[in-house]
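Order of writing sets the chain letters: A, B, C, D, E and F. Residues in each chain are counted from 1.
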Amino acid sequence: MHKNIQTFLACDAEYEEADVVLFGAPFDGTTSFRPGTRFGPSAIRNDSFGIETYSPYCDRDLTECKVFDGGDLELPFGNTERALSMIEDYAKTVLKAGKKFVMLGGEHLVTLGTIRALMPLHPDLHIIHLDAHTDLRTEYLGEALSHSTVMYQVWKLAGDGRIHQFGIRSGEKYEFEFAAAHTKLQKFDLSGFKEMTEVLKDKPVYFSLDLDVLDPSVFWGTGTPEAGGITFKELMEAVLMLHRLRVVSCDINELSPHYDPSGCSTAVACKLTREILLQIAR
Amino acid sequence: MHKNIQTFLACDAEYEEADVVLFGAPFDGTTSFRPGTRFGPSAIRNDSFGIETYSPYCDRDLTECKVFDGGDLELPFGNTERALSMIEDYAKTVLKAGKKFVMLGGEHLVTLGTIRALMPLHPDLHIIHLDAHTDLRTEYLGEALSHSTVMYQVWKLAGDGRIHQFGIRSGEKYEFEFAAAHTKLQKFDLSGFKEMTEVLKDKPVYFSLDLDVLDPSVFWGTGTPEAGGITFKELMEAVLMLHRLRVVSCDINELSPHYDPSGCSTAVACKLTREILLQIAR
Amino acid sequence: MHKNIQTFLACDAEYEEADVVLFGAPFDGTTSFRPGTRFGPSAIRNDSFGIETYSPYCDRDLTECKVFDGGDLELPFGNTERALSMIEDYAKTVLKAGKKFVMLGGEHLVTLGTIRALMPLHPDLHIIHLDAHTDLRTEYLGEALSHSTVMYQVWKLAGDGRIHQFGIRSGEKYEFEFAAAHTKLQKFDLSGFKEMTEVLKDKPVYFSLDLDVLDPSVFWGTGTPEAGGITFKELMEAVLMLHRLRVVSCDINELSPHYDPSGCSTAVACKLTREILLQIAR
Amino acid sequence: MHKNIQTFLACDAEYEEADVVLFGAPFDGTTSFRPGTRFGPSAIRNDSFGIETYSPYCDRDLTECKVFDGGDLELPFGNTERALSMIEDYAKTVLKAGKKFVMLGGEHLVTLGTIRALMPLHPDLHIIHLDAHTDLRTEYLGEALSHSTVMYQVWKLAGDGRIHQFGIRSGEKYEFEFAAAHTKLQKFDLSGFKEMTEVLKDKPVYFSLDLDVLDPSVFWGTGTPEAGGITFKELMEAVLMLHRLRVVSCDINELSPHYDPSGCSTAVACKLTREILLQIAR
Amino acid sequence: MHKNIQTFLACDAEYEEADVVLFGAPFDGTTSFRPGTRFGPSAIRNDSFGIETYSPYCDRDLTECKVFDGGDLELPFGNTERALSMIEDYAKTVLKAGKKFVMLGGEHLVTLGTIRALMPLHPDLHIIHLDAHTDLRTEYLGEALSHSTVMYQVWKLAGDGRIHQFGIRSGEKYEFEFAAAHTKLQKFDLSGFKEMTEVLKDKPVYFSLDLDVLDPSVFWGTGTPEAGGITFKELMEAVLMLHRLRVVSCDINELSPHYDPSGCSTAVACKLTREILLQIAR
Amino acid sequence: MHKNIQTFLACDAEYEEADVVLFGAPFDGTTSFRPGTRFGPSAIRNDSFGIETYSPYCDRDLTECKVFDGGDLELPFGNTERALSMIEDYAKTVLKAGKKFVMLGGEHLVTLGTIRALMPLHPDLHIIHLDAHTDLRTEYLGEALSHSTVMYQVWKLAGDGRIHQFGIRSGEKYEFEFAAAHTKLQKFDLSGFKEMTEVLKDKPVYFSLDLDVLDPSVFWGTGTPEAGGITFKELMEAVLMLHRLRVVSCDINELSPHYDPSGCSTAVACKLTREILLQIAR
């Protein structure tokens, strides 16, 4: 007779023994179009039992990894700065214990919380950013903190040449101009991803995956679908290169499960979470 | 840093100290029309945080009760008899420990499992059965075990005059004739419910709630909606009388949440679960 | 050849000539369960053409009224206080011009913005509050500004005995205790509504309608459905008494249209908007 | 080995022996808001197997009646007059064979086709019309043939005092004025229905049921939901009086099943079809 | 204080100054399977604010173009010929003023209205037709005017060799035979599109885009999904060639938004509308 | 006047004259995640009228083939073994009459029924198995008969080297190891399919198509979506090779239509059914 413990598929390590900590950041407070990513992490946890622990892609099994699932942070509603602080604090605790984390968003702004935790530890951090959108606005309707400004905020912390953007196909003109000067931006696809992994081989790297980088045909459970994205196979090829890098932590964002009642988008997110964990926990 | 324990709202007692055990029986193997009640108990648990612990109906708070949530039984698919045995075994364990249970179905056939556990302990058991359907078929497409035969199976164990049926508005003609001879059946509504509570005051009583007794306007997340049901207020009035009875255990069945993506049917089930727990745990 | 002007059904008066101003406050930044009320006002405007301008309930026609539809405020995301200020400013402008307004939410917190605008003009303001929830929390996850604290915030401005709550069926125990001391709260239904209209006859009155006061069977397109609500006919009876009062302005909140793709909840909101306008513009 | 014959529940009589002919008129060509009633009759046929043949309401069984299900007419798209002619022709054929029919719409305009077939045979025909809408417009966007003009068209054939309207709660002002002069109209509910059955006892009567007379909470799978309708029980009480009348034929209209994926609206239509057949076939 | 003007993203030019007129033709009266394209143009307008004005594909910004959005035509229901005449009249007015138009359907038959307006001005008009279906039937259930006959009707006006069909993967055998004799038809894909742009360089060209040319995985909000279509990237490549042609006007058809509640299909239509406007307004 | 016979598109041959028998096996009793494939065959039949009888892929027309549609078997609920026996019996009857069949599932376990019928007639039978999942478990939650064990069960009948698996991307590690020893398994795609058709040219072949081999972007109406599947075009290429083989019968499984209300998945299944019939009936 035991209580109902619910973790992501096979992530049943105790905290102390875990190498990787999985946790949810169910925040969507600045989402400008259709909200609902707050339901992302619990949907991923709930539906993870529909997939297998074994990956035929990398021939490894999640049961061999030591991952702790800490559940979702209980973030406030309507106070963006406080939510970011709570994310930052949780990430710091995990990092201080010598562990990596995989954070499940939530909207993309949650990345700012974790980058704030990581920068003091890794001043030379590089950020790999897969997304449909530039996320480089300086403000949105007067607000500096927004899912559409998050990479601009990250740039303020990390500086020029540190953000490697792929799959980008939407943004204001000035954002693309900013990127030309300050980040490395690949429009539309993942060209150059492999080369980048070679260049960054010895650097600490943070992998930030906005799932809307996928074409909406593959992933339609998201707030701002943007046609013309990459395929699942293209994304998997990139993910399968992560073990070549010194990945210090990751996030997976922007699943809004209520907009895809078929559950396919959640299944995509589950499979990618499994594969990223298998790469990170190597 | 703790794992993600997920229980129904405020049902966080340890097993040893608990008076009532809540558990899920996610079985829908004999559902003849639209399946999906297997997702009922987890939906109730997930969405229970949308309601309050306090009931303005009976002025009590669930935080004052000692309820253990054991999660869902891991029932096999495609083997009806084995699934019923697992339910029976779990119920027996709980009953032997001197506790009551509230089982969340699943389809209505799960009630046969618990009645098998209860009859040896309470040979004079009465069953209060709220439902749109008689559930008194002798077989369905050649099968004796079916959601539409469950009360006939219960009758074989409990005998004449023990099943008190309310709200019934669908069945074959022979089922209504059977009821006239062997059960107490109230067509369409809850007339006589209060009187029954007085008659049964000293008897051990099992309360079996098929949520489709409610009108589909109130509860449409179910496999076989049947127009012309009772209102939520009528059902609540009945539930609020349960503390007058010697209720030994209960079940709440037939939520099929995918057929109501608005979440309203799940919210109805959550609220009734809270109220029934508050009645039972008195 | 003219541009596409879109107003609520027949609300095509110019601002200067209008007696009543309709506007949307598409804010859902503190919604704690399922967001989406930001889409409420535009859904009401879009679907209003599915109903008639004539009301057989009060035998009046919206074409005879002078209502200006100002569209939706462009509120920021992630900054609760700034959104409330913008609502307050808009309401003040309308009130200074000697007009009344009907605000379409958005979540219920938007009411705090309009009450801030109204209190200086009507220090003796009474608030009629129809809702499923008390909305009297002092904080929610540490935040003072929340859809579940809004009536507590209003009470801080208006004081004891000014808030008349009806249909309430959900809240924490301490909220009901607070109501007993500081507001007038009718549990579950609209009993006493008519008597109240007589008592308040000469007072300035604000009518705040949280549509979830309706039973979810009638209105399921909302974030936090709460079973056991009032019927549409009961609500209409109350609305049809509004012309007996000195109503200074109104709001209609908590339609979250994506959770009811059938459009019925939006149709309910449209019809109530028409009827409230017909009462206010008399 | 036989082909897949699909009829409404138990309506498997051969044409020659049948007393009643059931057929579908899947036309929605003039629907002004949300189309889709073309899928109504097939949905009713498909889902009819979810209900029982026996009615506990009138204690009769559909297996005892002789009903032929002729399937759906293959009506053209985009040619209103031709579609009406095909309906008229089919109805004439059935009537000439001495049978009654129950037509499943489709939008309400299909009634004009059957009335054209009936008037020559029953010049003193009375029409009982249950609906949310008056349907008495003289034109709609310049078109004389429309779902919103159908009862005006019927009036042109049948004359004053022949149309008995119940449950009406929407229309333009002039329509209600027209009704006051030319039809018998009961606003909002079924008051006077029983009295009417006594007055019309010896007259040939056509029963035309627009399912949107029901409250949208009961029946939301329809194009133009109109809040404030009658309950299922109220409608059933009226239907159960039909055998007292000399009903020559009936129709059941305006199910648009795609707007209610839960299937509840279709289940309501199925049950009412069963009950009406049981009344007619007596 | 201004009324709620709603245009497609950034299309806020006044009529007089505009080079291009955008307007909706919300007609679906001959749709033979699942209707609902009448909601297409308003959905495109509503959701256009989810995308950016800037195109990283052609490095141009919609804010630099002069486009007037005239809203939707108010077309009658049930009268196909009259609806076509109204479309023809509107198009003629725009063309006489020396402007181009982009029409948002509606079903594909609306193209017949605009071609009638264009042929007298451009007797040598070529039509580029992207579609899953041939649309070359001579009649459908006895009707000459139908969404499945529209290109046959256009051929009657324009003659042999003028219709350039791409992506076609569905039709009756005789339609493909007709195409072999009278049009230029490319099965399945866009092979030869580039070559065609060179051949037609100096001709007046009308671009008619039936969005169901896209694979249903990309665009499922449509009445007649037909598997095996082209990808979004393939379509974009074709669209980006339009500025090489002398395009006199365009249409974009067959979005039926209610069949894709995720909004992805509408987002696809919005993005293509933006890109086509950027090509046309060069 | 004829009854409503409903067959798959143009499959209206009488049994005696038919070369191919189409029938449904609406069984989903062992589905472990999301049930609903029981509705697959009727959905395919209902929506088949949305596609054409002519195939531009192979330039043949279904009206030229002699296919009998026997409708759906009436399988029991909750008794796996009995359901399989009924499938086996039906298949045997068809095969004895010298005909082929195409069975529409239902979940994949239905294939065990037909293989039992086929093995005695074709001891050297080869099975071509397209699927996302290995289906090679030895048991699932203690049950030997399951949709995830079906190919292991088939292997027990057919032996080593007889099962040719393509598109597989999910399974437990031991299943892939089993496949390496006993079946021929192609991970992820259809590589080697053409070569296989040459090798098997003279062998009796059964073609078993689990539609979830398709990427969920193409086919999301299924219980266990698994990202990374093949495209529709890739599948069509394989299907168009079937006429080169001595195909003795086929099945098409795992459409769960309620999880794709857009109807696209059903349309995919309809089109593949047409193409497979055209290949088989050659």
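FYI, a contact is a pair of C-beta atoms (placed from the backbone, for glycine too) under 8 Å apart; a residue touches a chain by one contact, two chains touch by 3 or more.
What you are looking at is a predicted structure, and each value in this text was computed from that prediction instead of being measured.
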Mutual neighbours - chains that touch chain A and chain F alike: B, E
Distance-maximising chain from chain A - centres being C-alpha averages: D
Duplicate of the C-D contact set - from A-F, A-B or C-E, the pair where over half of the pairs recur: A-F
Chain D against chain B, contact positions shared by both copies (same if over half, else different): different
Separation of chain D from chain F, taking each centre as the mean of its C-alpha atoms, in whole Å: 42
Chain centre separation (chain B, chain E; CA means) in Å: 55
Shared-contact residues (touching 2 or more other chains) in chain E: 34, 215, 217, 258, 261
Touch-based graph of the chains, sorted into line, ring, star, complete or other: other
Chain-to-chain touches, reported pairwise for every pair that qualifies: A-B, A-C, A-E, A-F, B-C, B-D, B-F, C-D, C-E, D-E, D-F, E-F
Complex contacts: residues of chain A adjacent to chain C: 28-32, 34-36, 38-39, 74-80, 82, 140-143, 145-146, 258
Chain A-touching residues of chain B, taken from the complex the two chains share: 1-7, 12, 15, 42, 45-46, 68-72, 93, 258, 261
Residues on chain D engaged by chain C in the complex (per definition of touch): 33-34, 168-173, 176, 187-188, 215-217, 220-221, 224-228, 259-260
Interface residues, chain F side, partner chain E - complex: 49-54, 56-57, 61, 215, 217-218, 232-233, 236, 261-264, 267-268, 271
